[in-house]
Amino acid sequence: SDNLEVIVKAFSSSFVIPDFRGFCHHIEEIYAKCLTNTDGKAAHYIPQLARANPDHWAVSVCTVDGQRYSTGDVNVPFTLQSCSKPLTYALVSTMYGTDHMHNFVGMEPSGRYFNELCLDYNNKPHNPMINAGAIMTAALLKPDLSAADRFDFVFNMYKRLGGGEYLGFNNAVFLSEKECADRNFALAYFMRENKCFPEGTRLHETLDFYFQLCSLEITAESGALMAATLANGGINPLTGDPVLTVDAVRNTLTLMHSCGMYNYSGQFAFKVGLPSKSGVSGCVLLVVPNTMGICLWSPPLDSNGNSCRAVQFCMELVSRFNFHNFDNLRGHFTSKCDP
Amino acid sequence: SDNLEVIVKAFSSSFVIPDFRGFCHHIEEIYAKCLTNTDGKAAHYIPQLARANPDHWAVSVCTVDGQRYSTGDVNVPFTLQSCSKPLTYALVSTMYGTDHMHNFVGMEPSGRYFNELCLDYNNKPHNPMINAGAIMTAALLKPDLSAADRFDFVFNMYKRLGGGEYLGFNNAVFLSEKECADRNFALAYFMRENKCFPEGTRLHETLDFYFQLCSLEITAESGALMAATLANGGINPLTGDPVLTVDAVRNTLTLMHSCGMYNYSGQFAFKVGLPSKSGVSGCVLLVVPNTMGICLWSPPLDSNGNSCRAVQFCMELVSRFNFHNFDNLRGHFTSKCDP
Amino acid sequence: SDNLEVIVKAFSSSFVIPDFRGFCHHIEEIYAKCLTNTDGKAAHYIPQLARANPDHWAVSVCTVDGQRYSTGDVNVPFTLQSCSKPLTYALVSTMYGTDHMHNFVGMEPSGRYFNELCLDYNNKPHNPMINAGAIMTAALLKPDLSAADRFDFVFNMYKRLGGGEYLGFNNAVFLSEKECADRNFALAYFMRENKCFPEGTRLHETLDFYFQLCSLEITAESGALMAATLANGGINPLTGDPVLTVDAVRNTLTLMHSCGMYNYSGQFAFKVGLPSKSGVSGCVLLVVPNTMGICLWSPPLDSNGNSCRAVQFCMELVSRFNFHNFDNLRGHFTSKCDP
Amino acid sequence: SDNLEVIVKAFSSSFVIPDFRGFCHHIEEIYAKCLTNTDGKAAHYIPQLARANPDHWAVSVCTVDGQRYSTGDVNVPFTLQSCSKPLTYALVSTMYGTDHMHNFVGMEPSGRYFNELCLDYNNKPHNPMINAGAIMTAALLKPDLSAADRFDFVFNMYKRLGGGEYLGFNNAVFLSEKECADRNFALAYFMRENKCFPEGTRLHETLDFYFQLCSLEITAESGALMAATLANGGINPLTGDPVLTVDAVRNTLTLMHSCGMYNYSGQFAFKVGLPSKSGVSGCVLLVVPNTMGICLWSPPLDSNGNSCRAVQFCMELVSRFNFHNFDNLRGHFTSKCDP
C-alpha cells in the first residue's frame, strides 16, 4: 500500500522523468565513468573511517513520484556524519519554525573553514551546515527529554524521512567521534561563553547527542529516499508521509545550496548548482528540487573533504541534464537535455 | 518589428505568466505598500548621490516573452553603480569564456564586507560582485583598446542588453567617484602587488574604466530589459538579440544569487531566493529565471547598502508567488500562487 | 637571622636607594594622590571579585637589599589571578630550563586580546602571559604528581618567593573561576586539538590546577617580596633563598615588559617602561630591575582590566624617578631624579 | 675640537667601558665567527638590492664617551631602508613632541607582518616601525616645505645624527623603490580612506619623501655614530650636538625594543634584549642604552628579513656581556662579564 501513489502515477503516465529508462542509462554510464576514478583517500581522523574500503561506490536515485534506480554498493551501511546536518536542521525547523531556529543560528556562508572557531556579526554560528551551527541545532531538538527518549525520538523521525528503510546506529563510530572531538568541545565552550545556547542547555549531553546524529547509519538506498523527501517538499514520495513542512524544506535546500560542500560550496553552487550535503564518510545527498533525490557514496575524499567520485558524478550529471539551478529552461543554444 | 515576438506570443496565448493582468494588480499593490516605507537614507559618500530625492520609487517588469509593466518614477535616470558588476561580468564571460574569466577572479562568497582588503585562498579576489573582483573584471575587457574606444565598446554592449532603451553617462558622478576612491585605489595596488592582474594592465586606466561603468545611467524601464535579458538566457526578449551566452548567464545568476546584496546576500538567498544585484544609487536588478526581469529603484538605503523599498518589495513578491529558488512547485500545503 | 643581610648592608651604608627615607616620602605622596582616584570598577565576571571593596588601596615596596615600606591596606588578602602567570612561568623555567618551556609556548606579544582563541605561526600559544600560555605553563609543572602533591609543591615554591610571608588559598574564588571558565575550556580543547600539550597531559586536571594558581592569595606586603625576588635576579632579598635562576628571571622580566598589562602592554612599556603584571583582582606586581619590587593593589579596574590606581601610581613613579627602562642615566637635560 | 670630550674623558679614565681594548678583542672574535656564516640571501624585491655582495660584513662600535672600533667593510655605503624609521621617528618626536606624533600613530607591536594592511583599534597605524607608521611619520615632518627643502632639511638632521660623517643618497634605489611600491601605495590609500593623515597631506609627495628616506646611504661607521647618539640620550657623543630630546630618544628605544626586528622582534627582545632596528639592505642599528651604539651590516637576510650575520652577532654579544635589558647586574650566579 506504500507504493500506491507510484502505481497510480504509472498508470496515468505523468512521471516527472517521462523517459526514466533512458535517464537510468545515463546514470549507469556516469557511474561506470566515476568508478575508474581512484583519487582521494578516506577520512583518517578516526580509525573507524580510515578503515573504509576505497572501492565502495554506490548511486541511488528516487524521483518525487517514486521511481527508483540503484547501482553499486547500495546496501552497504555507512554513517551519515555531516549529512545529518541538513536533516536535523529540517526536523528542528519543522518542529519549532524558522524564527525559533534562526534566533540561535545564522543563514550566511561563513567564508571560513567548517570548524572555524568564530561566530558571525550577531554572535551566532554562521549557519546550520557548519559544526558550530549543527551543535546548536542539536541543542534545540527536544532538550527536555531524557537522553534515551531524545535519541528514540530523532531515530523515529529519520526513519520516517527514509520511508522506513534502513537506518542504524554505529556505536564504535560514536565512541570514536566522542574521543576525537577536541575542536567540537572548543566550539561548544566558546558558544556557551558567548551565551549562544538557550538557557538550560546541558553542554556535554548536547555534544553527545550531536555525535550520535553523526553516527546514524544509512545505505545509499535509504539515503536516496531522504533526499527525495527534500526534493518533494517534505513529503516522502513512497509513503506519502508529510515529514517536513514546505518552509523547512525551502530553508534546508537554500542552505545546502550555499553551504553544503565545505570550502568547495561556492564552486559547487557555480558549477553544479544543486542543493547537496557532503559528509566525511564519503556520502553526498543531492537534491534536484521538484524532481528527485540522489544519494552518492564512496569513501575516498578530496582535499575539501568531499567524496571524489560523488563530486565527479555531480559534474557529469549537470553537463548532460538541465538540472543546474540557473540553467536556462527555454532551450536557447543549449546542448543539455531535459530528461 | 522589435515587438514581433510579443505579438506572435499574444496570439498564441502561451505567455509565461498567463494572467498577466492579475499579476500586475499584485505588483501595483506591493508598489503602493512599499511607497509608505520611509526608512533609510541615500548614500552619502559622494554629494551627487546624497542629493537624491528620497521619494523616488520605481518598479518595472519585463517577462521573457516581452510583456511589460511599469509603475512610479520609471523614466528618471539614475546611475548603475554596483548593478554594473553582474552586467560587465556577463559580457566579459561571454566574450572570453568562463575559464579565462575565472583565472583572475574566484566564485565564492567572501564572508566579508564588499570592499574588504583581502584576497581568497588562491590570491584572487573572492568573486566579481565585490569591488576587487569588479575592478579585475573591468581590467579584462578589451584591454588593448584606447580608453575612448573601450568605453564606446562597452556602452554599445550595455545598450544591446537594454534593447536600445535609455542608457546615459553621468560625468559628475564619475568625477566624484574618482575623487572618493581611496579604498578602490588601495584594492587595486594590493592586487597589483599580489600579481593578480594580467600582464600589461594599466592600473589607473583600469580604475577609470571601472568608475565609468559605475557611472552609466539607466531608467527602471531600461533596467528591467537588462534583467529580462538575464532571465531569458542572454537573449533580449524584445529584440531577440543574443547578447550573452547561456553559460555566461548561468554563471552570472549563480553569483548574483550568492553575492548580490552585499552583507545581506545570505539572508536574501534564504528569504527571497532569487538572483539580484544591488547598487548604492538605490537600484536592484531582480531576476526570476526563465520568467522575468524586474528593476527596482528608490534611493533610501538600509544599513547594508540595499534600497529599503526594493528589499521590502522582493519579500512581498515571494510571499505571494512561488518564485523562491527552492519553492516547492508541486503545491503541497502551500498558500503561494503560481502566476 | 633572615634579616641578617639587611643589617649588614645598613651598617655598610651601601643601599641601592641611599636616601630611602626621602624615597618613601615620594611614595607616600603618590599613594595619597592616587587615593582620590575613584575611576573604574571591580571585575564582575565572578561574584567573589565583584563584591570587592573599591576603597581598598595598598602599596608595598621592598628593595633588593631588603629595605621595605608599606602604606594602605597592605595586610588585606586578595587573589593573585593573572599575577600568578609570571611567577609560575619563572618557576617552570627554573625547574626545566628555557628551552623545554619554549618548546610549548611562544615569546611574542600576540597583538590580540588576552583570551583570544588563536595560536601563533608555530601553532603554540603566543606567550605565557596570556591565558592559553599560562594553561600550558601549568601543564608543564610536575605533571606526574597527584593533584594534591602538585598543589603542595607549588604552594611551597610560591611561599619561598614571598620569603615565607602570607600566602593563602581562596576556595570560593577557585570554585567560581571553575564555573565561569567556558573560554578557558575552549582554549584548552583548542590547544589539545592542535597537539600543543606534552603527551599524557590530563586536560581537566590541568585546568583545575591553573584555576588554583589564580586563586592563591597574597597581601601587598608578601607580593612586594615576590616582586623583589624578581628584581634581585631570583634571590629573595630577605631570606637570601635562591628561588629562581638568573635566566628564568631575565625571561620573565622580558615577557612582563612586553605582555604584562593586557592590551595596554605596549602603551605601558612606552610610558612606564618597567616589567609588570596585572591581575583582575586589582593587583599589579611591578619590578624595577636590580633595584626593587613593588606590589600595588586596588580593585577598581579600567577598561583594559588594569587597576586604575595602580596604573596611575606607575605613571607618577616614572615621572619622578629615572626608572623607565630606556631613561637616559647620564643626566642630560632631565628633570627626573636618581633616588 | 669635535673630539675634545673624548680627550677629556681619556685623561680622566672614566670611560663607560673601562677596558675598551679587551672589549674590542671580543668584538673582533665575534666578527670573525659570524664571517663564516653563509646563510641567507640578499633582498630581491628590487634589483639594486639583489645585486648586493653577500660577502660584505661590517661592524662598527661607538661608545657614549666616543671610543670607536670598526672592522670589516665599514666604509662601503649602503642604503638605510627601514633603519631610517627610528631615526625619522626620533626627529619628528623631537620637533613636534610625543603627543603630536602619537595623535597619528600607535605604540603597540602589531602582532602582524610589517606591511600588513590593517590599522589598530584606534584606526591608526600600529607603530612607527612598520611601513604604515613610517609613511605617517614622514607625512608629519615639515609638510609645508617644498619637496626639495624638505629633503634638504631632513638630510641635514640625519647628518647631525651621524656627527657629520658619511651620508649619501642612492637615486637608483629610490627610483626602484618607487616602482615596486604597490603595497606602500595600497597602505597609503587605505590610511587616507580612514582619515589617518593630517589635513592637507599630499599622498604621492609623502610616499616619495618616504622612499627618499629609505634611500639615504650610510656606512657602518657613520651608522654607529647615529646609534651612539641614541645610546647617549640624543647627544652625538663626538660632536656634543644635542640632536634629539631625551623624551624622543626614550620613545624611540622603547619602540625599537618591541618592534625593531620585523616578526622576530619578540624573540629578539627575549634573547638579545636590546633596542635595535633592521633594514632589508642588511643593516642593523643596535643600541646599548647609556653605553654604546653599534652598526652591523651584511646583505644576506634570513626569512624574517634580518641580516643573518647581524643577528648572530647580537646573540653572541649578549652571551658574553650583561647587556640584556633585564640581565641581573648584581652578579648572582652569572658567567657573563660587565665590560
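Letters A, B, C and D mark the chains as written, and numbering starts fresh at 1 in each.
We take it that a residue touches a chain if its C-beta (ideal position, glycine included) is under 8 Å from a C-beta of that chain, and two chains touch if they have at least 3 such contacts.
This structure is a prediction, so every number in the text was calculated from the model and none was measured.
K.L.:
Following contacts chain by chain, what is the lowest number of steps it takes to reach chain C starting at chain A?
P.N.:
1
K.L.:
Compute the distance, rounded to whole Å, between the mean C-alpha positions of chain C and chain D.
P.N.:
32
K.L.:
Roughly how far is chain B from chain D, centre to centre by C-alpha average, rounded to an integer in Å?
P.N.:
52
K.L.:
Taking the mean of the C-alpha atoms as each chain's centre, how many Å separate chain A from chain D?
P.N.:
The answer is 59 Å.
K.L.:
What parts of chain D, by residue number, touch at least two of the other chains?
P.N.:
Chain D, residues with two or more chain partners: not present.
K.L.:
Graph shape for the chains shown, where an edge means the two chains touch. Line, ring, star, complete, or other?
P.N.:
ring
K.L.:
Identify every two-chain combination in which the chains touch.
P.N.:
Every pair of chains in contact is listed here: A-B, A-C, B-D, C-D.
K.L.:
Residues of chain C touching chain D in their complex?
P.N.:
So the residues of chain C touching chain D come out as 64, 106-112, 121, 126-127, 232-235, 242, 245-246, 249-251, 253-255, 257-258, 263, 265-267, 269-270, 273, 275, 289-290, 324-330, 332-334.
K.L.:
Quick one: which bits of chain A touch chain C in the complex? Just the residue numbers, please.
P.N.:
Answer in residue numbers: 117-118, 182-183, 185-187, 189-190, 192-193.
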